[in-house]
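As structure tokens, here come the structures.
Look for chain A in each of the two complexes below; its partner is chain B in the first and chain C in the second.
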Partner chain A sequence: MSYRGASKQFLDSQDISIGDKIRITKKDVSYEGMVLERAEDADEKHIVLKLASGYNVGLDILDAEAKLLEKGEKPKIELQPLEIEKDGKKRDISIISTGGTVASIIDYKTGAVHPAFTADDLLRATPELLEHANINGEAILNILSENMKPDYWIKAARSIADEINNGAYGVVVAHGTDTMHYTSAALSFILDTPVPVVLTGAQRSSDRPSSDAFLNLMGSVTAAKSDIAEVMVCMHATEDDSYCYLHRGTKVRKMHTSRRDTFRSINTQPIAKVRNGNITILDENQEYKKRENGEVKLQDNLEPKVAFIKSYPGISGEIIDYHIDKGYKGIVIEGTGLGHCPDYLIPAVNRATDSGIPVVMGSQCLYGRVNMNVYSTGRELVSAGVISALDMLPETAYVKLVWTLGQTDNMEEVRKIMQTNLKGEIGAKSSQKFF
Partner chain B sequence: MSYRGASKQFLDSQDISIGDKIRITKKDVSYEGMVLERAEDADEKHIVLKLASGYNVGLDILDAEAKLLEKGEKPKIELQPLEIEKDGKKRDISIISTGGTVASIIDYKTGAVHPAFTADDLLRATPELLEHANINGEAILNILSENMKPDYWIKAARSIADEINNGAYGVVVAHGTDTMHYTSAALSFILDTPVPVVLTGAQRSSDRPSSDAFLNLMGSVTAAKSDIAEVMVCMHATEDDSYCYLHRGTKVRKMHTSRRDTFRSINTQPIAKVRNGNITILDENQEYKKRENGEVKLQDNLEPKVAFIKSYPGISGEIIDYHIDKGYKGIVIEGTGLGHCPDYLIPAVNRATDSGIPVVMGSQCLYGRVNMNVYSTGRELVSAGVISALDMLPETAYVKLVWTLGQTDNMEEVRKIMQTNLKGEIGAKSSQKFF
Partner chain C sequence: MDYDKLGLKMGLEVHQQLNTDEKLFCPCSCELTDKKPDYKVLRNLRPTQSELGKVDRAAFEESRRKLQFIYEAYKNETCLVEVDEEPPHPLNKEAVKISLIVASLLNMNVVDELHTMRKQVIDGSNTGGFQRTGLVATNGYMDTEYGRVIIENLCLEEDAARRIGQKKGNVVFRLDRLGIPLVEITTDPSMKHPDQVKEVAYQIGQVLRSTKVKRGLGTIRQDLNISIREGARVELKGVQDLDLMAQMVENEVKRQINLLEIMKELQKRDAHVDDTIYDVKDLFKQTESKIIAKALKDGSVLAIKLNGFAGLIGKEVQPSRRFGTELAGYAKKMGVSGIFHTDELPAYGITQKEVDTVLEFVKAGEEDAFVLVADDDEKARNALLEVLRRAKTAIIEIPEETRKALENANSEYLRPLPTASRMYVETDIPTTVISRDYLENIKNNLPELPDEKKARIIQQYNLSEDLAHQLVRRNRAGDFEEIMASSNLDSTTVASTFAYTIKELKRDGKDILKLTTDCLKETFALVEKGKITKEAVQEVLVGVCDGEKSPEQAAKDLNLTMLSEEDVESVIDDIISSNSKMVEERGMGAMGALMGKAMAKLKGKADGKLVNKLLRDKLQNK
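And now, the complex of A and B:
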């Protein structure tokens, strides 16, 4: 999280470091301020200064000149604790950070440089949140979400459970977007929550004018105060900053590398939209779990030794054998079409099921429902004991198998759990909704 | 491709076999005819009879009674060859069948039971095609497309090349839908074609009232006569039977398990639509390769030992090591977000690239563009030598690496080819088009 490329050379050439006070001159305009860190996803062309006014400004280094005014320390800012009185009329919402682009809002806006954030950091950066709730913030991880793993799902689930059991009216989880949908599915199965649990993130960090962090965070706090007691993902519904969708945690997927409205509900519609502090349920016929009193229930045994294999023309059956021999406890195949893989894989699949290793079939189509009863390859897979993921997303099927094998290793129980709708992950009938 | 379940029991109980002449009585109505085979995707509740009129009828076995009238042979129908004179005013279009649901139209409508189809079978089933072209048909494979593999891509490419070099004005390829987009990408790279090559298929076979086979086949013949000399996929554009889209073979993907409009162009729009024998280019600014004279060029060396690995939370780095040790020549990772995988995979990725095994990074988001310069994990992957798939579909990136490694094993040449747009697989800039 520092300068690189051209902007690094620019600073190095004047022996300028982060924390130094400098003057940057571009034509007739000069800016004086302290050199700040850049966000993780920043470009190489800008220097960011914190001006005396408190505002931060990003300056293009093209045709710019820099002058060192005063050497400074890398700002290990020791800000005074905020003394915010709890407002008895407002709800208590907890925000748990795991890292990712949305968390970088904090470092940038405060100028603080530390890996974790506190409630104070969060509120200095986004004081608007206080208008809507009493905020309690905690950083439990600071990772990019491609590094998420089942152990961290457990850690997050336990922290969320603690917050709820300590009285939080709802919980927001700040998370990187890459694997947010895997985590939202995992938390859906692990937690039986009486209050909303809302994952949110950002596609662009807050030192970019196009950052989506603010709307997503505000929408998430609104969602956390709602009566929808499910694990959800709250992210931009459109490319502009008008409103967010609340997606069911088991039915959502990141579908675009860079767009702000990258998250989409698949095989269903989002539960609700959030605009200006208001929640609108999208379909009154779609059921959702209502807020209730009581403690959260936690089933956090997971079996991380589950393989997730994409089928493709040319795949070798040896890849199944490899996972069997390596002691994997379950296999999810992301098949083609209605849930197929090459028929020459079937002997290896048989070997897996004969060894007590459940094999689940999802579809790389993503939309629609697995149906292995239509074509002969599917019927052979059924005969080999393969379990249909039905209309579960393949990612959700993978997460669910990791969770299910944490609850039982009985093959028939695994089959039954996988094919029973627990957290909205399986639709009652085939959805024809498409885009 | 025969009866099963309840309908099998129904026939077996009367000792009735395919080819027998029987009478089925339901309440006051009786039907006499010959028992036909069912299509691959047929249900278990119907018996299909060929009536004396020549029509086929599907009869629900519920409350039905059957009586055997005359034992018959399984109809190894030896139909007289059609004597169709070539129409000098019409274009010569070749239809090559590889199998799949679309090919089942033939067996069903003719009552013939044989694995291959001939031009005559095709024309008996779909005589309307003759109004639009002189049709030359050939069956080169009869497989469900989940069983497609690189060797078959070569076989199909060579057959197509033969047809073109023997004077075909355009070629239609009947193909199962599961992996049609892998094959269309493969044919795009293997063939440099002066005429259209159009893959088509069906989501539902022709003994179902909702079959999409007819419109897709008719649209494909229209496309094969057009001036678009590219490898394309021609499939339903909507859920009804109104028109088809022509998708570029490298930019298309099966996106729904069962809908007729399952194929979607990703990160671009379809090249054209086909309605009632007319082609409409969708965007006059989108370039396409125009029909030309001359022979087809064939570059059909492939390297089938390429791994295609989906990244997920909990994946083990050992899966990379496994493929290195097994002698794989290339690896495509379907990463998360902008093109990431867990950072703990990076040592294994380094080992691959150090061993001269190119590693290509695509995104499981599908939409958008890989950009490994934004976050630290991506930059570390770039340092490890990972090649960006840019805005290629991960499936296309896999197919392209199979093809590229057939042309060269020089790492820098592989990188250059993978990142050069050859057949419309890479867009000039990031597409924000989404659904």
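And now, the complex of A and C:
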């Protein structure tokens, strides 16, 4: 029971529990309805009733009397398992869920929203998916995406690898949008995939009729059947429910807190457009890895002790010292402009590199390329051994360093890997059309 | 009709837009716009499933239509909230306050904590696929000539987007109206006479007008719930004209009586509905019907058989609306333009021979009827499924429906009555505790109802009935009282400025928004200080409307400022000296003629009384 304190006592004293039908009588008025759960952060003074009209009201227990009218069962959702026959003519696509609410079920009796995690739940919410593929679903995590961490990237990568090695023609990963671009970058480095791996999510939760989840999921299944064997993000291309973009997993970033077209390709363009079950490659000159036969290669050693520090006016060298002292193995600085931090930070940076801690410099401009040769501070940073992230997104540079330090602790090796394009994360050329 | 015997019961639902500075869940203004939209956004809506796969029946039906929606949006007039691209901002406090005032005036019990809900509506009128609404108060009352009526609920909710039209099967909405705060006031269904409904509607209107609500067309909407004992609850949406209400009630009662007769006849005939949808395309190869000919090319011609329905589909249920019109109403919701049925055929280019072939094809007996739809295959199939559903219901009962009130007091089918199962909580809005102290404070400062206010200002300011009525109706009584509180001017002058002068200026296309209460105060102060005459007020106000200036400046520029006493004196001296002969000959007898000359020169710049006094003094002292 989510009630506590006085309101809990009030209900307990009458032996009332959630789901019971009761009458609350106050001085001039009485209410009849079902007792609902109360939000965890709410006060202790009110109880929530769902009236016959469907409206919820909060009632102060002060001077109120409660009468139990009918004992109710605490509502819980139990659905019959679906029995879906496999269609030999359709491709097998796996959908892996990590949390977030790509599919939800509303319990109209109580008005509660239950995230749907199992494959069955997902198919009940979006039966149309079956028109396009045989869907095999699995829930591996149930977390909000802000709680993602490198350990979970490994877990997800292994599950994806299992699906592919077991014959999935493509894999869709349902993921919360907040850190989806970190995960897509991580999966890009960990997996060498022969088939598409498509991350998707929803900016409007799927318990609302206007959710973007449906188009995103449909687009993702289409993308998972395509010949683009990369880790990608598939989300709304515009504010319309018309088509999605497929963004390269290492070049994409969440750029808006709430809009459905929040994901943007940075320093490149999306690979393709997905509309009504069709894929259109946006630029024939842009290369991508083609579908092939064979198993997944998995390189899932990671070094999670990497710090990601933003430079800002007034930043203190203590922050870098702290991470050195705490035993961090790598540091990514999100520098200003072309890749700078205040010159008084240079001694601390020197201390890091001297201690064998690689320091990578990205730019908080996001667009454009780091170049530390233009100004003196930049040149001093280069002398201190700072590694340029080139045109990588700072988040991608962070994820890549986590992965690289899992592969080697040799500073020169680290520098080489960080500056070699592995999964489309580094572009050699900057084009006008990318900004 | 004997409504008592029929067991007529009616309830009223009033929706009133509030005149708040901002919308209910975002900071956009509550004004409609006719500007060309800056953006258009295309969206689909899907009903969300519930446990047991239960979906609200109204929502389910809408979803079968597979419509896309286009929303017209603006850079400045709307924001990301209306277009469902940003979570709602916290509930508008001003709107909550107004709703509490209305609830208190209606003797209602206010809830302790307001919870915002989502009511699923997927006809596209809300971008989220639901309307946000919260129950503010319950269990009030209103006394009428016919007895006490219970005011069941008062909800604070957001208005829907404005339907602009349809474009290639896509419904176009404009987002300007979406999110304007509304109060929804619902009475219990206990009213038994149309006149009682009218009185309650009037009284609720009075209550609303005493608070900060919008005025004018479309800002208040009334729905009428009607049922008779053996019938079903029907909600008539959009009853605009209260005078039409009695006719509307009569037509609905007639409809229910006729549907009951049809039902009884169907039961007598042991009517039943065949679920098969027959493809009858091949029977119309030679057809002369244009609609069918078109469907032969790129669609389907489908039919269903209604056993035992012959002769009843053509039966009139409302003036010039037949049972067939009811069936067609359901079909049209699926996007077809209409249906053909046996009771109206041969017609529309369909021959008797063709009718006979179809009857034979579906193996129809003498009492059987068929319904035929020619359209795009999926639409036609969905339409006939709806007709089947409606026909099946016709044998058992009158369906509960939401119907649209038509201008001729008839109504047409809109959708099934929504069920309570379409409500769930809006998790993006924190609950609002309504403290008893706050509520007590509101109750102690309730506004006067319009009729009370009118009676009081007639008494207090010695106004005519007409002037008082105009002030209250135009919502200017407050401004009037504010000015009267700081001035000694006669009340009729001030009141008629509000009641008539400003109205005339508006009619002449003047920008009357410039005439703020402060501006009017200044203008009347000029009169009081003797700087302009009463008669010059209108011209000064015109001057203010036309330019960016103060009333005083406007008066100066228009040469309406009164002369000082010395200036008037010197004008009079001039007149006396240039008419010295007349003055010598007639003495005081010259008064009339000289007064005429003086006023011709000083009209609008000096008070007649002053001119008269000065002239008299000078002539006497000569």
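FYI, the second predicted complex is superposed on the first by the 337 of 435 C-alpha atoms of A that agree within 3 Å, B and C clash if a C-alpha of one lies under 4 Å from a C-alpha of the other, contacts with A are read in each partner's own complex, and residues count from 1 in each chain.
Heads up, the rule we're going with is that a contact is a pair of C-beta atoms (placed from the backbone, for glycine too) under 8 Å apart; a residue touches a chain by one contact, two chains touch by 3 or more.
Given the structure is predicted, the values throughout are model-derived calculations rather than measurements.
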item: Touched partner set for A:179, first chain B, second chain C, both or neither; value: first
item: Partner chain in contact with A:219 - chain B first, chain C second, else both or neither; value: neither
item: First, second, both or neither for A:314, with chain B first and chain C second; value: first
item: Which superposed partner A:259 touches (first chain B, second chain C, both, neither); value: both
item: More chain A residues in contact [chain B versus chain C]; value: B
item: Contacts of A:270 with chain B and chain C, given as first, second, both or neither; value: neither
item: Partner chain(s) touched by A:28 [first = chain B, second = chain C, both, neither]; value: second
item: Which of chain B and chain C A:51 touches, first, second, both or neither; value: second
item: Intersection of the chain A residues that touch chain B with those that touch chain C; value: 239, 257-259
item: Touching residues on chain B, where the partner in the complex is chain A; value: 1, 40-41, 144-150, 153, 176-179, 182-183, 239, 254-259, 261-262, 264, 304, 306, 308-315, 318, 322, 326, 334-344, 363-371, 374-377, 395, 398, 402, 430, 432, 434-435
item: Chain C residues within the chain A interface of the complex; value: 39, 41-54, 56, 59, 68, 80, 83-87, 109, 111-115, 117-120, 122, 127-130, 133-135, 138-139, 153, 155, 420-425, 427, 431, 433
item: Residues of chain A defined as touching chain C within the complex; value: 26, 28-29, 31, 39, 42-43, 46, 48, 51-60, 75, 77, 79, 104-109, 111-114, 124-125, 204, 206-211, 214-215, 239-242, 257-260
